[in-house]
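Naming follows writing order (A, B, C and D), and every chain is counted from residue 1.
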Amino acid sequence: MPVSLRPPRDIMHFDVACSLAYSVREPATLVLNVRPAQNARQRIVSERFETTPTAAVESTTLASSGNRLDRVQLAPGEFRLDYRARVSLEPSRVDPASVGECPPSELPLDVLENLMASRYCEADRFARFADKVFGDMAPGHLRVTAICNWIHDHLDYRRGSSNAHTSAIDTLTDRAGVCRDFAHVGISLCRALGIPARFASVYAFGLEPPDFHAVFEAWLGDRWYLFDPTRQAALDGLVRIGVGRDAADVAFSNSWGGVLEPLDMQVSITRSDGAAEPADRTVAAVSVDAG
Amino acid sequence: MPVSLRPPRDIMHFDVACSLAYSVREPATLVLNVRPAQNARQRIVSERFETTPTAAVESTTLASSGNRLDRVQLAPGEFRLDYRARVSLEPSRVDPASVGECPPSELPLDVLENLMASRYCEADRFARFADKVFGDMAPGHLRVTAICNWIHDHLDYRRGSSNAHTSAIDTLTDRAGVCRDFAHVGISLCRALGIPARFASVYAFGLEPPDFHAVFEAWLGDRWYLFDPTRQAALDGLVRIGVGRDAADVAFSNSWGGVLEPLDMQVSITRSDGAAEPADRTVAAVSVDAG
Amino acid sequence: MPVSLRPPRDIMHFDVACSLAYSVREPATLVLNVRPAQNARQRIVSERFETTPTAAVESTTLASSGNRLDRVQLAPGEFRLDYRARVSLEPSRVDPASVGECPPSELPLDVLENLMASRYCEADRFARFADKVFGDMAPGHLRVTAICNWIHDHLDYRRGSSNAHTSAIDTLTDRAGVCRDFAHVGISLCRALGIPARFASVYAFGLEPPDFHAVFEAWLGDRWYLFDPTRQAALDGLVRIGVGRDAADVAFSNSWGGVLEPLDMQVSITRSDGAAEPADRTVAAVSVDAG
Amino acid sequence: MPVSLRPPRDIMHFDVACSLAYSVREPATLVLNVRPAQNARQRIVSERFETTPTAAVESTTLASSGNRLDRVQLAPGEFRLDYRARVSLEPSRVDPASVGECPPSELPLDVLENLMASRYCEADRFARFADKVFGDMAPGHLRVTAICNWIHDHLDYRRGSSNAHTSAIDTLTDRAGVCRDFAHVGISLCRALGIPARFASVYAFGLEPPDFHAVFEAWLGDRWYLFDPTRQAALDGLVRIGVGRDAADVAFSNSWGGVLEPLDMQVSITRSDGAAEPADRTVAAVSVDAG
């Protein structure tokens, strides 16, 4: 059983916000995934989703992922979204040494798809590599942390070193990438070892410069735990937005059927209380999964 | 509105079966996806799932996909699965010219993930190619048929020309593949055009030699329609097993944690009635989606 | 035998020039390949290779390719090369219908390496594709022109659509590229058909905007013929600089062992006589190979 | 200056042989590269090249590489080549610590092409990886040995793990390959570090089972030195056949324009003297380059 590292009620409050502006040349459908997920560990206290000009917005929470999508029909001209929310976050923080891997015989069958290779995570190609480097380690949370350490030590974080087509094979070849690439490598290596893993987009407290951030989750014990091979933000200061197989599933925006151009993007996350600081990022196994 | 091509109740009955034998050297977890999906158009009249030696079997229907999985713990020795089912199939058959594409503004948001690139379907790379070849065609079922025709005309069906790592980019480069590769190319081109598409494994009446078959589904109008770019079986003789982003999601078997070797595989599908033959494969738009 | 389309002595004179400026931060070795090749059909009337500051220059003509290289040792600071040459060009122009392919039984054995796959020209992967599209055409110069036409019709010329790692597989997938990518596709398809082909860098009369240009040569009959799938310049207005397997071999500059940054590049080619205009680009089979 | 480890005249004699049989269905041109190269360190004492049925053979030594090619026109039926040669080998064996790298400022310009990326050696993609792992080592023969050790320690030698399209990126991803793949990785890493490297096919004394073997050469000091990351044969027991950019250039046979099927292949190398055994493979820096 996981050993808790904090008292049971240790709640932080964050104000998260993003502003996205587009120049729309031809009518388009925009699907946004910027609202934090909602569950027992991450509650939306209040939120405001505002468009300029005012537009009809269709909001949905996907049953499969819990991702909260907004679809907007854009007319030609300038379009602007301003989103802000107050979120109460109560991450589970437990002793990593107490969190084991879940054997395939006990894995919930709907978690299984997170073992499969995906567009940017060619896990089917990394079986031998993962086994050589991580195969002899004791299974558990600490092994996934070892994967993150390996990524941090062997890859350079470099803006501009990758693009929308870059996959884990590319990143491991080029030895450089950004947060999404680091997450893709982490996911690929986990899956290759039989550990379900998925991509997560987050608002990350303390990230400099502020931006949407990408991390990954691995299924350990009986729930999803957060990992960030970039080490750019504290794990218990992450407000989770969307999850999916990889970045293909979790864009903060996708558009179809028209022509539009991004003009501006602002992302922020601040503390709205002073009660507790996010923990040191290396100590605890952190989960915002309601479990 | 789709124009029906057949009287409303036109039900066929099929007996499907498969036998899979493995030599197990180290204890392993096997997850099987061989049971046909169940919905209003495809009913399981009876089925038998038998293992030799007798083993505990955990059976689940995934909420997200409707795929019906069986998990079995294998002990060293020989293991054999014999599955058979009687299925009543009532495919919807409508005039293809009456089936249009669904605009992104109206697409159900939980279908959206089927627009995304996946491991074997790098749709993000084919935008220009798809647009050049199919961009000027009228949207709808006939455009997806045009994609299938293109695949049939430009690729060679060749056993042994691909392997478990082969993706749509590979297949389009090499211009050869098997049913799964043909499906991956069809899915990639659909997604690149903004048409949701997914991989489907099926029992295919008339397929020679008998085997599990792979086709794809495209979301048109308000449901999933079946397509088979190999033209190896009639579309209304397909009993659908599993669906997913691509072949990574829909293997008939996956194993973890052990060592096992396939010994034998038999697949069959026969008519258990004489009432109706599957229709000519080129006439109708066919769906087994309950809609 | 090739049928000549012009009187035997139809000589044009060109002035070609380039200026390259670099900011050198750490001592580096620079190897330049900017001088036109010299042979009986392309004579250097005069040339000047000038560096600022004055630097020791080691000049070589490679025996294998005829490429004329200059090696310069760069000290920190700004470095500038100014090269200019007057070239008399006497391209062979013959009736394309009179130029056949050379059977493998007669191919000079030192031309053979130009049948092999190279970094950016994965000819080994295109055998089936090339055969399907071009296999039934009559062998000869017109078949290579058909390849160029296919490239011109199926790929978009788009600055910024490719980078230094882009290969023919990438370009055929993405359906866009620049001159070097078009050449790589042409070379790959030729080699896949058994026609030796190589990359050529050129000064191209009439190219807008002026720049180094990339075309390719195919071995037909008993010599190398020029082809330009971009159709951006007349074939008989090309002053050939370097040849090689692909762009990896024929950079106008390569540097090692230091750190330098390009500051500026100017390329020009003008007529220094008024006697003859380059021919219409579609009429003749053109070669500047001394044969 | 390299420090010699053996007395100046330390000559071994080998008998090498190969037999290749083909079933020819349609007339084809076969180009063979099975004869050992000839230079001051590797002399052909006698050789016999015999075909059944007797066929016209055109033999050439390429000026650029020294590769010795034989072209044969094959008629339908069975074709068999029997080649055997006695070779006197006088490899240079020097102290590896005395062999440095050659700075780009002094590199012979005709060696330069061996720094470029090629079909199976995408050196352009490995700059960061090579620098991270080997960048801090002292330049020289020992650094290339370190590359070979890394390959030996990180890749599995596995028959069947690769195919004719497998490149260094594939091999480094999959972490398995055969001799040609190991050589491609070694070449790629050398080139990425600025060390010219090329592929070499050899008769390898002591190789089990007997076969054509693939190794690589790196240009160090003033000549080519042999390296074998598979460690399957002693370096000074290698009789070099062909060299080239990578395996694309150095096949023992290539055919064009017909249809033929390999029936049988036998390769052998034995000592024809008892005077000296090949040295321990880890002690000396070995070259058969005439320098």
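Going forward, contacts are C-beta pairs under 8 Å (C-beta built on N, C-alpha and C of every residue); 3 or more make two chains touch, one makes a residue touch a chain.
Just so we're clear, the structure is a prediction, and the values are computed from it rather than from any experiment.
A.B. asks: Any chains in contact with both chain A and chain B?
C.D. replies: Looking at chain B and chain A together, no chain touches each of them.
A.B. asks: Just the number, please: Cα centre separation of chain A and chain D in whole Å.
C.D. replies: That gives a centre separation of 48 Å.
A.B. asks: List the centre-to-centre spacing of chain C and chain D in whole Å, with centres computed as mean CA coordinates.
C.D. replies: 31
A.B. asks: Mind pulling the chain B residues that touch 2 or more other chains?
C.D. replies: 122, 125
A.B. asks: If I apply the definition of touch given earlier, which pairs of chains qualify?
C.D. replies: Pairs flagged as touching, ordered by label: A-B, A-D, B-C, C-D.
A.B. asks: If you look only at chain A, which of its residues touch chain D in the complex?
C.D. replies: 122, 125-126, 128-129, 132, 154, 156, 169, 172-176
A.B. asks: Enumerate the contact residues on chain B facing chain A in the complex.
C.D. replies: Of all residues in chain B, those touching chain A are 29, 31, 58, 60, 62-64, 69, 71, 73, 103-105, 109-110, 112-113, 115-119, 121-122, 124-125, 164-165, 194, 244-245, 248-249, 254, 256-257.
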